[in-house]
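Going by the order they are written in, the chains are A, B, C and D; count residues from 1 in each one.
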Amino acid sequence: MILNDILGRDVMDSNGERLGEVSDVRFALDAAPAQLLSRARMVGIVVSPRTATSFLGYERQDLSQPWPVAQLLRWRHRGSFLVLWEDIAVMGPDGVRLRSEFTAYESTLPR
Amino acid sequence: MSKAKPIPAQDIKPAPRPAGLVLDAQLHLLDRQILDVDGVPVTTVDDVELSGPAPDEPIPEGAEAPHITGLLTGPVLGTRIFGGRPPSSRFIRIPWDMVAGVDTVVSLGVRANSLDASWVERWMRDQVIAKIPGGRHDPE
Amino acid sequence: MKRLLGVALGILTAIGGFVDIGDLVTNAVVGSRFGLSLAWVVVVGVVGICLFANMSGRVAAVSGRATFEVIRERMGPRAGLANLTASFLINLMTVTAEIGGIALALQLASGVSYMLWVPFALIAVWLVIWRVKFSIMENVTGLVGLSLVVFAVALFLLKPDWGSLASQALNPSIPSGEGSGVYWYYAIALFGAAMTPYEVFFFSSGAVEERWKVKDLVQSRVNVLLGFPLGGFLSLAIAACAAVVLLPAGISVTTLSQVALPVIQAGGQLALAVLILGVVAATFGAALETTLSSGYTLAQFFGWSWGKFRRPAEAARFHVAMIVVLLAGVAVLATGVDPILVTEYSVVFSAIALPLTYLPILIVANDPQYMGKHVNGRAVNIVALIYLVIILVASVAAIPLMIATGAGA
Amino acid sequence: MTRIGKFLAAILTALIFLGGMLSGCAQSPSTDALKGPAKEAASAVRTASLAVDLRLQERATAAAGTTTADDMLKGMQSATDELESFGAKTQEEQSLRDSMLACFSTISRSLIHARDALAAPTSTPDGGKNLAGSVQLPAVQGELRTATEQLDELMTKAGIQ
């Protein structure tokens, strides 16, 4: 599986209702160190209800400059959320379907 | 395209914080420059390969989370721009084991010349540039 | 003392390096048709290029990332490729125009047709790119290009009516006999000539070539903030010379030989010699910069190894790309197309591509991951945003105006 | 943001200008189609005139002078081509075009003379006049002036300023 297979695909809940698109895939380097760097474990996907073009990540970072570009992009991505790997039932070029009891988390990046 | 069903704001919970460095692929990895151990540019991160899951097949509950197996370059760039998907035999891989750090650039722990990703550069050097006088000398 | 010398050298090269064939021709055309009534555009353009060149230099010095790496990383591969295609074509046009400019200046010196000088110019440009160190290349062309000051000297020798020149510049009005569409078309061309995107590609990559660090920022800012406005002053002198001599004589500039006439009238053969030296140096320097820029943009988009600080063998694709660009430029000239015409189109197309280049720079200059504590200040952001609006409007208006006015005919 | 206002105004004026050009064509096709080549020719002949003046004052070099004359000849060639492609509909237009073409060829001829005269050295080391150079330059200057006047007259007649 490569990232291009899922980025920008539709995200559905277990009833097949569309929730948005995959705008990014989150990883964490929290495993035991491998050769040089720890393994990058997939944490989950960031779902944007409007557009998949994660434009510049303003929605996830604490950036407010340059005004009003930052505000505009943040507004365009309002309602983005993170879904953890555990809550993903299927993913691939046909889209992503979530499990019935999935939890939506804030997509903001930890600082 | 149908309008997405919104999630009510109060249902969006604060995310658990992983212990290590957190990377959003699109934001921190894709399209970044890759430098080798000496700081020589090798290529860009054109795509990222995961260890799983099988595409479009149900993921069993409790399955282990996939991890990044390698950074891809070469023809995959074309498919990211124009669509489609090259056969995985045509991927040029840089295994994640060689990655030494991810910042505004992705740095590798090996030399560029040892990588498949730099074959075009080597070919151009040996077939074209090295044959022009002065090609192997420092500028004066 | 040595440090002061370094600063002085930087400023002088910035002045000499500011003017290229696009500025030379566009300013003379405008001066001969509109007097100084478009001088305000030069001022607007110079402030803009100072702002964004400084910003791209700061990004490069702090993060070590040149502009096109940033464009690809921030805009993704699709928008990045669109930008690359546009920038590359404009670079190619500009390379063509600059090589043509070198050849035209040599024709003016020798009387031998410029077509015969083109291969000579091509080889000279390529040899410098292949073999000469970056700092030497920059300093020599910049310093010799400074002889374009002859336009300012000529203006004084012509003893113009300063009051009338000032009132043309300060109370701009469209001269009778010229339509307002043509006026605005040339406004965009002048703006594009002053803010050509290759300048920021070159400036930011040059910062990487010369290994600028944060401590070099003050000097780079001084270079830009003094050098570019003085370069802009040269542009105005070119326009003023044309306004004083050619406009009253009923001559509208279409060739480089006409650009030289006011200087010849003011200073005779000596001034002409200095002028030719300046034009050759300026166009030669710009040919180097645009050729390198096309290599930089391609290499940075695809992540190839690049830079003149490396041996050609260590940046093979970068050098192959530049050889291809130079040959393509000469192939265009070989069709017999008028280099001046190529120049006029290249500055207008530059104006069209401006937003694609300047928006990503502005955004990255605000990103703490790249910039740490050196992110843009609020005042810089406000001015930059005003400029983005101007740039956007100019870029949208360029094509319709070009069609409506028959490219300023 | 008056600057933006100005730009918007520019777009509007451009559109109006385009419309004006189209309607202008319908009213007096002769003037507008002739305007471009006529202006180009006027600029070319005046440029040559200035170059000859500067050469007479020994300010311009022979190389710069001939380059200028050569460039102007090329300009005349394209102006002539443009004028020839102009399809005259009425008798009046036809006669205007023909006299302008005749004038253009006069200008081109004098430009060739100018180029030859400019190419010659102006003075010999002993300070005496060179036969080919300075003797010819004033004559060429007269020729260029006459051609300029002729063209100006035609342009006034056609209503081109």
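Criterion: contacts are C-beta pairs under 8 Å (C-beta built on N, C-alpha and C of every residue); 3 or more make two chains touch, one makes a residue touch a chain.
The model shown is predicted, which means the values in this text are computed figures rather than measured ones.
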Fewest touching-chain hops separating subunit A from subunit C: 1
Tell me which chain's centre, taken as the mean of its C-alpha atoms, is farthest from subunit A. D
Determine the centre-to-centre distance between subunit A and subunit D, using the mean Cα coordinates as centres, and give it in whole Å. 66
Between subunit B and subunit C, what is the gap in Å from one C-alpha centre to the other? 35
Subunit B to subunit D: how many Å between their CA centres? 61
Centroid distance [mean C-alpha coordinates] between subunit D and subunit C, Å: 30
Contacts with 2+ other chains: residues of subunit C: 76
Graph class of chain-chain contacts, one of line, ring, star, complete, other: other
Please list each pair of chains that are touching. A-B, A-C, B-C, C-D
Taking the touch rule as given, give the residues of subunit B at its contact with subunit A in the complex, in rising order. 1-7, 9, 11-27, 29-30, 47-50, 52-59, 61-62, 65-68, 72, 76, 79-80, 85, 91, 96-102, 109
Name, in rising order, each residue of subunit D that touches subunit C in their complex. 1, 3-4, 7-8, 10-11, 13-15, 17-18, 21, 36, 39-40, 42-43, 46-47, 50-51, 54, 57-64, 66-68, 70-72, 75, 119, 161
For the complex, give me every residue of subunit B touching subunit C. 26, 30-34, 40-44, 46, 73, 77, 80-81, 103-105, 112, 120-122, 124-125, 128-130, 132, 134-140
Any idea which subunit C residues touch subunit A in the complex? 74, 76, 362-363, 366-368, 375-376, 378, 381, 384-385
Subunit B partner contacts - residues on subunit C that touch it in the complex: 63-65, 69, 72-73, 76-78, 80-81, 130-134, 136, 299-306, 308-309, 311-314, 316-317, 319-320, 369-370
